[in-house]
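Two complexes follow with chain A in common, the first pairing it with chain B and the second with chain C.
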Partner chain A sequence: MSRSRPALAASPTSPLDHHVLPWLLAVALATAGPHAAHLPIWLSVLFVTALLWRAWIWRRRVLLPPRWLLALLILGTTSGIGWQFRSLFGKDAGVAMLVVFMALKPLETRSRRDALMIIMLGFFLLLTHYFYSQSIPTGLWLLAACTLLTATLIRLHGGGPSIPETLRHAGLLMLQALPFMLILYLLFPRVSGPLWGLPQDAYSGLSGLSHEMAPGSISNLIQSGAIAFRSQFAGEVPEKAELYWRGPVFDEYDGMTWRARKRPPGEPPGQPVIEASGPGHAYTTILEPHNERWLLALDLPMRLPADSALAPTFEVLAREPVRVRSRFSFVSSVDYHANRAETPETLRESLAVPADINPRARALANTWRGQSTAAVAETVLHMFREQDFRYTLRPPLLGAHPVDEFLFETRRGFCEHYASAFVFLMRAAGVPARVVAGYQGGEINPIDGYLIVRQSDAHAWAEIWVANEGWTRVDPTAAVAPSRIEQGITAALPAGEPLPGIIRLDAGWLRGLRHRWEATNNAWNQWVLGYNPQRQREVLSRIGVPDPDWRQMAALLAALCALTLLLVAVWARPPRRREDPVELAWRRYCSRLARLGLGRAEWEGPLDFAERVAREEPRLAAVTGEAARCYAELRYGRNGADQLARLRRCLRELPSYRRKTF
Partner chain B sequence: MQPSAGHSRVSEILAAANAVILGKPTQTRLALCCLLAQGHLLIEDLPGVGKTTLAHTLARLLGFHFSRIQFTSDMLPADILGVSIFDRERGCFRFLPGPVFSQVLLADEINRATPKTQSALLEAMEEGQVTTEGETRPLPEPFFVIATQNPSTQVGTFPLPESQLDRFLLRIEIGYPDRNAERLLLESGGRREQLPGITARLAAGEFTGLQKEVAGVYASHPLLDYVQLLVEATRQDQRFVHGLSPRAALSLVSAARAWAFAAGRDMILPEDVQAVLPAVSRHRLRLVSGGQASAEDIDTLVRSLPLP
Partner chain C sequence: MRVLAVLQRWLFRLGHDDHLPIVLGQRRIFIVPTAAGLLFAIVLLVMLVGAINYSLSLGHALVFLLGGLGLVGMVHSFLNLHGLRLTPGRVQPVFAGDVASFALDVENVRPQARRALEFAFAGQAMVTLDLAPASRATVAVPFVTSRRGLIEPGRVTLTTRYPLGLFRAWSYPQPAWCCVVYPKPLRTPLPVATGGTPADDRHGTSGRDDFAGLRTREPGDPTRHVAWKAVARRSDDQELLVKQFSGALRDELWLDWERTPARLGIEERLSILAGWVLTADEQQARYGLILPGLRIDPGQGGVHRGSCLRALALHEQKQTRVGG
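Coming up: the complex of A and B.
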């Protein structure tokens, strides 16, 4: 007997069904729990304690805490949040307050109204997670939490005989909402930029190349497996050894750190002149935000994206620092001459070395003066190759004369050491040279064909100016560790080096899994996170609404929503009672009589109905009696196949709108 | 749907009964249907509305051997079942069968007897046999109990417990006669005098044949759906303490079979179920607010359930 089933019409103040409370606690855990990652620890402890306390009260059926205790708790936690965040408003403090509400509300929950409050709060809390993360796992988690909230609502209203049944029902409702979500997502007018102002520190966590290069700056970066950018080539991908992605160029050295030279105001900016030959490689880059202006084009670009310019040192610079994931299209050629006619100022600056630093290196370089540029470069590379130089992420620390110590003592270093030492020697020998930072190589994801370049592909190399040739790339690291250029960082370093696990993976299935995951992320980035007004216009013009104004958008939105609503309604309609021709004929007969004012009550049996009709309208007695007997025989009798024709004949004998007389 | 020979016999009996019991065609038909469905009948009403007359008339019309017991508060089980007495001539105990050893037992004013005596009937009604002094004796075939009782609000009654009430297939009320019937009654005199003049309309064994025909009345799937719907509705209805038991559901189908047979049909219709439902269910459903379900309660229930 299901006498305990709560009535649907229960009032909001009626007491809460005992069995709903665990659902509410699960809702609290699912919607507020993940915030523990960025809340102060005392708040997380408070949250868990409050939920456990409520579960204990539920289990033992003891009394809820008194109101004054709850008042004290809320006062204490509020001042705690105020003290911790110096405010009760703003993103972090606001979220913390919501979590406190979610922790304490169950402790005073006794009616259905309270339960509804918890569910509404849960729906609101779902949204706040997107302040912190917009990744796929977050999306999936919130989807599951949303399903749980819906299931709790169903449970609260007495629905669902069992837990799997309730969850199934909730899942079904979510599925029904899916088309609306897609329509609103695709068509709701987009604004550029975020809807709410993000806090000041929003970009501090972004990693990437920096404005200067000191020993250790790149080897630190390299330990991150994070993706720097993805590129999709329209045609053939160039050889791995050609994949030099240009970042900042450093042409000023103070003995320890390389920087980009600040041009004095009077100096005319040099014009970058690129004479490219051979076919260009067209590609599109999806750049992760790094809060800098350089766009990391492949050396050297022939065509630039809109809103960007080529610096005198050939790096492509955007107008504004890149703070959101963005797409850029380039055409580059790997076969080029760069600035065969370089300004004298630039050449002069490219020879500058600080005085009284690295005397031994300078003395060595002096012995090469007078030789041709190519010969000097080859001498140094020969030295790196033939002497006992090693490529490692963990070089010994260097002192006041870093190049001397590196060249003559430690001989252990990373790309930045080699590039730095090489450029220093070149300049000391009278060859214009500079350091270029950027990325080298990358890995093709076979799933979607994108070339993925990670922070671990960060690299530094050298550029020397050769008469009649222009600026020419020389990569001293290639002399020491050729495999770094040909196969990538993993191959070049011994197993003990501190590389991120993600790029070390070379077991087949793990690698496949990683590729798949990154391809999924890429699609998510482009279609979900990167769905901006421009992309929306593209989608709209593809479905035949090019360049719509807001009225057309609203009309389209409304029309599609209405259509979907109709489809969902048709789909969710309870199945028709029976396609049985007998039932159909009888229903028609009864509805025809109903139009004559002789409707059959739903509980009324056929013969009783016929008897009543005979009393109220004797002219219809015979035909209705016949119809009712036929129907009774067909539906409740053992056989009577031939009665259907008779029943239909009765139907035809009834007066209809066409034949008004009888 | 050709009227069978059996059906015309039933009509004949009903016509004869209605000549004695004036103005109560539904009650006589229900009473006959109860016997056709092989069930025991309980007639409950105020004294003097013709309960005993109805029981007598039926037994005589059907040609049954019947005996009648007037229940009183000092009655003992042996008064119903029979006793063993010592036979001096043969030198052994001999069983003297009580009134229960008959085809129809008219138990008049059953709720005036003590619970102990009432329950002596229990085994007889359920099993068709009687156990006294360790010996089990079968009762004749067919065996019916037609019990009458006064409303329990009357003085000097022991209400039948629910378990015992459940053993009666139908319970009917007779009610006051309408104006015309009462006038006819007053003009023609009391009915009791007519009883000895009633002759049996059925030959011996014929009734058993009718019962077999009734049992063969067809209950289709949609109809059983409807019965289940009704029974489930009584179980979920907040007004009743309990819903109908599976035995009550079986009773409902059997009674509806007999009703359909009496109407000359070989299949049950929802109308048949609705017709017998009050008689089957009212004595089995106790209201939360106290007392038994009224005819209106059952009517509301029926009207809330569309035919499946």
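Coming up: the complex of A and C.
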């Protein structure tokens, strides 16, 4: 392998080795390729075309396209992106621009400096994938991509032509870099982001309940098998039928959409008063980011996490929208009275219905006026139960009088139809009522004991205010499809309804596999992704650095990094070559003579040297002659048994004092 | 300035390396980030800010991994040079203006390969070497000569950016190396053979192929002129005898300084003499050289040619030190 090649002085602008280009194309593909999942299709087509074009140029060794053509391409795609994303500076538009650069840069890559730019761009593109996913597969993929980038760097700076060898070397370097990553990950002072305002679309793509309930909004959510949050109970998990996780409360209806009422400025806020009985359930929720403030506590919370407050309608609100996966600890009781004394304004608003729609429903409700609240509610539930109401995710479309059409014509719907119709009837009959959105139920993962609540568990139910009881939950869906509440959505829906495969899984081993996978993800989320400033403080105090300031942290960090660097250097350094004992003894002999002023020149053979020593210092003639003879015989002659021992004896006999003391 | 020079001398250990082989220890390997390394650091910084801003945990991990990679790359760049053993080899004389090749034997005793080792004298072209594990190879480090004389090229810069190109490690081995540079030959017609010089007129004028007698062999006499029969007859195996031909005697040339145009400068006159030496050697003439204060008796062959050219190279020259 030893080869030497003459070259001009190394310069970054020297032309690129022909065989490096495929590496660069692989880098482009590995770093930008996965973005195709969320880029407009025309960009992906452009990307692939540009890479294929470059590969063709490489293979045919033809000229690169002229600069003006590339400039034109950049201009065209930039305006295309501006048109598509309505901006050039948002998160998505920025990623799209990076992908375009990655697609076009190889088309003007001539020198090593250009290649370096591609690699640096690649490193940066790796980071952008985390905007969209930080799952385990993404992490593994990016680790592989990182190795590829490293291998390309090695190839670019004089690595050999063997692909496996280069990749192996890159893998070795990555392996040695891992300890640094661990140390820095644990100890690098963490700052809670964001450092400045983020672009508008920074948190797009987060799903969850919305601020209003329009027809179809919840059924869309139910299609998703994504996890909304996970909860871990300290004690026993309450009955499934008790697991109502409260999201936004809607108390204003315009005939089509339910919304949360905006309180006019003068009105005093109502005080939420909860009288809970029973021990309460303590639990911790790991909430997926949904970019809203509600924290989805179990009805109804007795103790709240820090930095949160209870709204007048009993939902727990964080101070800021939840934008990263976060942990919250609650204590909730399922046995409670809520606001036995409600403000008159709230009660009055909870009776409002639009004047001119749903006349039949209103007429029906009018006949119940004067009955007790409980009797009215029971009448409606009885109606849902006894008449031909069906639970389905594919209801017929409703027109201008949705409650009328639903109650008297279609009778097909799911939770939002039932909750909406129920509350409308209640209000029309003079009972204060409102719609509550949230999640219902959940599934215990037997692997790690977490209760998993998915978007498909999204639900809407009703709350009526009963004198002396306060706000009381009524779930009209339970009247129609009791299995929805007791067993979950898959049991309630007839076969053939559109549901994501993941929540349909029934086969035992598949379900077990899914549990295992989700438990792994949960651990990953908590210990890797959820490592925030607070977790860092916990870890540091556990290793004996409680409440460190940044100077201590920096010192610790530097010390550990230096230590690791040393270890890596020692590891990478080879074992010292075992020295030949004959050579060693002879060299020692000569160096001792050199200290006596009789240095052996490089070119002097042992016997010549001995002759010269004999001339210059006759007293050492005998011993040096013996030593040189032994060495020469060992080196060049027949190997006797005792020459080495004799050589060593000579070494011992040699006086170690300086020459002038002779 | 003097402080700086002293500092440089101390830091870079200027001065010859007398102990051979030259072993590159940590004391004599220097390392700094390259432009690419600085760019890498800036990219990492931007990525770190991005990861903090968007609270990307894996983004932090990625940045830290790449930071670690940079550090590891530094160690490996250093180790790519560390422990190399360098032994200077012989340097063939060249003519001024030609490229002198300074042979350097590079030994890798480690069980790892070394790659992309770049050797260059200051301001000169470089040569790249890859070394297999536990192997040795010889590089010829080029040096473009400009003047005749005995030149010392100074220190070699041994550089590597391998493996990642983020750091540049280098060392300044400075073997006691020198190269004889002959004057650049200027081809002009040979001076007319005078059939003897003012100093010597014992040679006859007989024809080229006429046997003129025997004499003891001198270095540089062609082997085919050895009188093997005469040698075989002699009982004692003393020196060899060569046949002398009167033609060669007639062609005996004196390349005399005085016969070069006096109006030219020293260098030009030496160049003309060098050209004569080459031409005479090609014509297989016996020739001698006369320089002010130096006289080389007539002779023939490669060794004679070399000593003549060497005399021209060193004429009125002290050792010149070219490199830094």
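To be clear about the criterion, the second predicted complex is superposed on the first by the 382 of 662 C-alpha atoms of A that agree within 3 Å, B and C clash if a C-alpha of one lies under 4 Å from a C-alpha of the other, contacts with A are read in each partner's own complex, and residues count from 1 in each chain.
As a working rule, a residue touches a chain if its C-beta (ideal position, glycine included) is under 8 Å from a C-beta of that chain, and two chains touch if they have at least 3 such contacts.
Everything numeric here is computed off the predicted structure, so don't read it as measured data.
After overlaying the two complexes on the shared chain, residue contacts for A:Ala601 are found with chain B alone; chain C is out of touch. Set side by side, chain B and chain C differ in how many residues of chain A they touch, and the one touching more is C. After overlaying the two complexes on the shared chain, residue contacts for A:Leu178 are found with chain C alone; chain B is out of touch.
Judged by the touch definition given at the top, the superposed model places A:Leu21 against neither chain B nor chain C. Looking at the shared chain after the overlay, A:Glu633 reaches chain B, while chain C stays out of its contact range. Counting contacts by the rule stated earlier, residues 1-3, 602 of chain A appear in both its interface with chain B and its interface with chain C. Of all the residues in chain A, the ones that touch chain C in their complex are 1-10, 12, 116, 120, 123-124, 126-127, 130-131, 134, 138-139, 142, 146, 150, 153-154, 156-160, 169, 173-174, 176-181, 184-185, 188, 190-196, 198, 202, 323-324, 528-532, 561, 565, 568-569, 572-574, 577, 602. Chain A contributes residues 1-3, 601-608, 629, 632-633, 635-638 to its touches with chain B in the complex. The touching residues of chain C, when paired with chain A in their complex, are 20, 35-36, 39-40, 43-44, 46-47, 49-69, 71-73, 75-76, 78-79, 82-83, 109-113, 115-116, 118, 120, 125-132, 135-137, 139-140, 142, 159-166. Per the touch definition, chain B reaches chain A in the complex via residues 1, 218, 220, 222-223, 235-236, 238, 242-243, 266-271, 274, 302-307.
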